[in-house]
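When the chains are written out, they are named A, B, C and D in that same order, and each has its own residue count from 1.
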């Protein structure tokens, strides 16, 4: 067990999986010589050579499309999209191709592919280096969507994603890359895709979060705990397929639900989780569900004062907890 | 019917024929005839209301058979498009399999009735599953070739599409990627002059799709797509270059579609019957038959026998597919994800 | 007032707006000489000429991207995507460009653009000619999303979309094109973007639907009415921005909510509407919310038996109504 | 400083100079010097922690000023990219406006602090708003040109991007569209040999971006991007062709970026200091100064005066921007949609 930064955990996962399985390759813009703009792939080119660590042309649709072809033909590609904000040109390859290959071939072909992308706000990245794109993909049957919040999960889930038989969209909360440190178990540490994690137990209300917001939610829970409000925090980790049981189990226990995400409100993950509660736990709910999210603006503006005005922070989350607990 | 005859002198007068070899020439012809007969039957069963939709290859048989013959079936990776039924036949998909596909039967090896007809997929022939969105298979081809090369296989990847597809971003990104990495891919464009109703001049400002190759630093060749021998030779050259590590080639086969785009299309809205008629004068099937006969490789007797055999094959395939059971609705939720967990 | 098919209403709207405003142009694949694969644009080329009715190359990203450039430079383009299934290559232009132009320029530039696309299942179109794509776009701030269910709304809303200052994704339920006829008011008939419509009044439960599913929902409501169940049917019409008041008003009245759509379940429009109820009308809900949707499969398979197995039909909707009413 | 001097004989020895005219030459030089000074100041305020991020133009000034001078500001439509601060200055954006942009102030005319610096937008100069995703402005340019032509304007549309952008699907789709419709667009590629760390040879398998033009049936020209006169002439020719209805041109300016990609980049990871040093020997600013001096159009006195003026301008612009108020957080929800309903 050693304390590591999230970015190190990710690099280790890539390194170990490349060492373990010669079918694993990495491709994307600047992933080779430069080692990635966030240095997630640093050292891999030297170690595994240019046939397995590929600096690609500036072509997101081809990065994913090439990875799909390679996956169908026996490789386990890990495609990097430099920022999640630039994943949209690859939408067709992801949604119409990767997600449907197994289904449309009636199971004859599979697409074991990981698309990694740093996502999220809080780094003064402006409209095009701050986006949250998870709900586009969590909507699409045939895709798995994973967002780790801790270094241990980042490593273990990325390794699981690489070993998965199906396409996984692996979104990395880039604000957490260096900010969040944590213990990472030694050895071949794999965290299964699917189960959510109760990151903090509590009695009065359930707060579901993921990525960087998990940490702010935990801080807010700590803050209101001093006021006697006991918050159970669920770290989603896998957004699709959704771990309905863990969410519902917690909601049935606490009777109150809030969801925190930095994606904008309408049709963000919070919508699906609130809907789940309204369908499956309505009689257990003691108060209206709450969503603490970015408002419906097109990602975060650049100027610090503007970004701070829209991005959920600990105070806003804690305030919502207090209001929900009192309701 | 396997006998190969004809005078050496007559063949020598057509050096292309000589180079290709009589056995292959006859195989090409037989496949084209079979494809046309199956194709016509597909339109019939569609008009009879037995199937809702067809999309076929008429007019493009020579381009497809010529290309297929340049490949090693089951060894080379193939990414066809919806117009490639002749290509599939030539690679080894059976008429029965094609008809099962048209009837969307459970036994359809392409998708078990999940996809529209002519969306091919066949692991035993390394035919990767394709979709309807035009051009998406082009980056896949680059990726498949990358995988083959990484494993040290000497297989090439063959990728087929229409001239309309060359306007897509995926064409550009995929071909560029393959060119930069010098991947063993053959990009094969069947230029039938229309993308549904849109004529080539509204699709591109160049005379020939082959001109697009210059943007990628790869060879671009344009051949007569009504001549299977010319196509075979051009694709063979591209395949040899790819196998030898020389990177991708863009091969354009100039051809024409004789039927509407699909059974939902009315082609009289955008091209004149006389244009179609004109084009039919270069129907690759009679052209080839005549050439074979002139070379002494074919005669009326053989033609009659072939027509009978083909008719029987088409009847049998159609009858089989028609009575074959539809997919089981209970299976509809399967294969969204892999059924067994990963080996870990 | 004359009875028209939906496809005729759409053609009329385009024709009238092109006649009314020389800034309106139409562009897309096969929209000119052929008049569109569903003949929505038939006759326009002859009437308005090739400068305003443009048969484009097979390039969805450019169809939308060119329309955006033209919109910023003073035109009012109506871009046609031949099937909604082929809109994904244009995702980047729609999400990163059209939706953000006004916001990112601080109001200096606008993007008055309509993207029309036939969508939806039930025509034996298989995985790539049946898709429902509305929730991708309804999630994106800066986009309006409109889906008409009747010829009158198709005409009136399309005219409003063309006159709107902002980008509108106008999705046409293609199964309704010929199937659904209805009266269309004469004259310059414009239906405002925004308000939903109570298509049938009722007391026991609220069913929210749109597009082709509206008609099946109305039929189901008729069916269960004979059994004494009174269903209020809300036709959403505008999916974004959502008419929260009409939905909530109805739910507060009936105390029961179901949502019907042919998009798949997870993060479909039903999620947002259920979430809205769970947030704003929880205490009014007498029973859990229900969603009647496509299951989470990648669009409808082609074979009739398979498509019928997944697509909501009148029976399934009626059954859900009965169950919900009894709960 | 507006005096134009120098011997006719000296200028005649450099016919390119003669063709362009002294006033324009001097204007080019002054803008390059001003741009470089502003640019260097931007890096300083970034290192001082006064602004979080910069992305600038050093090394590419000649390419940008040469192109801008070939346009009619406020008449022609312009779609720049994030590296185009010299282009913007040359068109008429003021140093103050540039600095307000770098400081993300409320008064920033480009986005009021909503976008990263160097994401330009300026209605008075017909500069359309741009984004970060590389290449998306290329189809916009075709659309803007289409609109101008439909109204019968004789304006052209100028669209700028790097060589990395030419690998995107949007480059292909946008240029192809413009070519098919023969739209009045100038596609201007600043080939600075790198897309962040990726060198040109990993981006494309052609020697020159201009080779890509062959795929679209449009002229492709490659010019020395360190020579503003050569760029001016190439772009002028393209503009004239476009205005005359001759359709689009792809102009490539061969250049080099002297600074890291952005303030977040460490360029030593992918290129050697000596390579950068080597390239700086063709720094367009000293090259141009020397040329002007040799032509007798410039002297040390003028240089000193210019440097003083520029330093003052930069100081003033920086001071103004630094003290200017940030955006009001209360405005953050504005402009998601139009604020007044449509006129109907």
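Assume a residue touches a chain if its C-beta (ideal position, glycine included) is under 8 Å from a C-beta of that chain, and two chains touch if they have at least 3 such contacts.
Computed from a predicted structure; not experimentally measured.
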Higher-contact pair (C-beta pairs counted), A-B versus A-D: A-B
Centroid-based (C-alpha) most distant chain relative to chain D: B
Centre distance in Å when chain B and chain D are each reduced to the mean of their C-alpha atoms: 47
Approximate Å spacing (C-alpha centroids) for the pair chain A, chain C: 30
Gap in Å, rounded to a whole number, between the CA centres of chain B and chain A: 42
Separation of chain A from chain D, taking each centre as the mean of its C-alpha atoms, in whole Å: 37
Residue list for chain B, restricted to those that touch at least two other chains: 111, 114-115, 119, 131, 133, 167-170, 173, 176, 180, 202-204, 336
Junction residues of chain C - those touching two or more other chains: 56-57, 59, 61, 85, 88-89, 92, 96, 100, 103-104, 127-128, 141-142, 296-298
In the complex with chain A, residue positions of chain B that touch it: 77, 79, 109-112, 114-115, 119, 121-123, 128-129, 131, 133, 136, 138-151, 157, 169-170, 173-174, 176-177, 180-181, 334-339, 342-344
Residues on chain D engaged by chain B in the complex (per definition of touch): 167-173, 176, 179-180, 182, 201-207, 211-218, 247
Interface residues, chain C side, partner chain B - complex: 29-30, 32-35, 37, 55-61, 85-86, 88-89, 124-129, 295-298, 301-306, 308-310
Chain A to chain C touching residues, read off their complex: 61, 85, 88-89, 91-92, 95-96, 99-100, 103-104, 127-128, 135-136, 138-142, 240, 242, 264, 266-272, 274-275, 277-280, 282-283, 285, 287-291, 296-299
Chain B residues touching chain C - in the complex, by the definition given at the top: 52-53, 104-105, 111, 113-116, 119, 131-135, 164-165, 167-170, 195-198, 202-204, 264-265, 269-270, 326-329, 331-333, 336
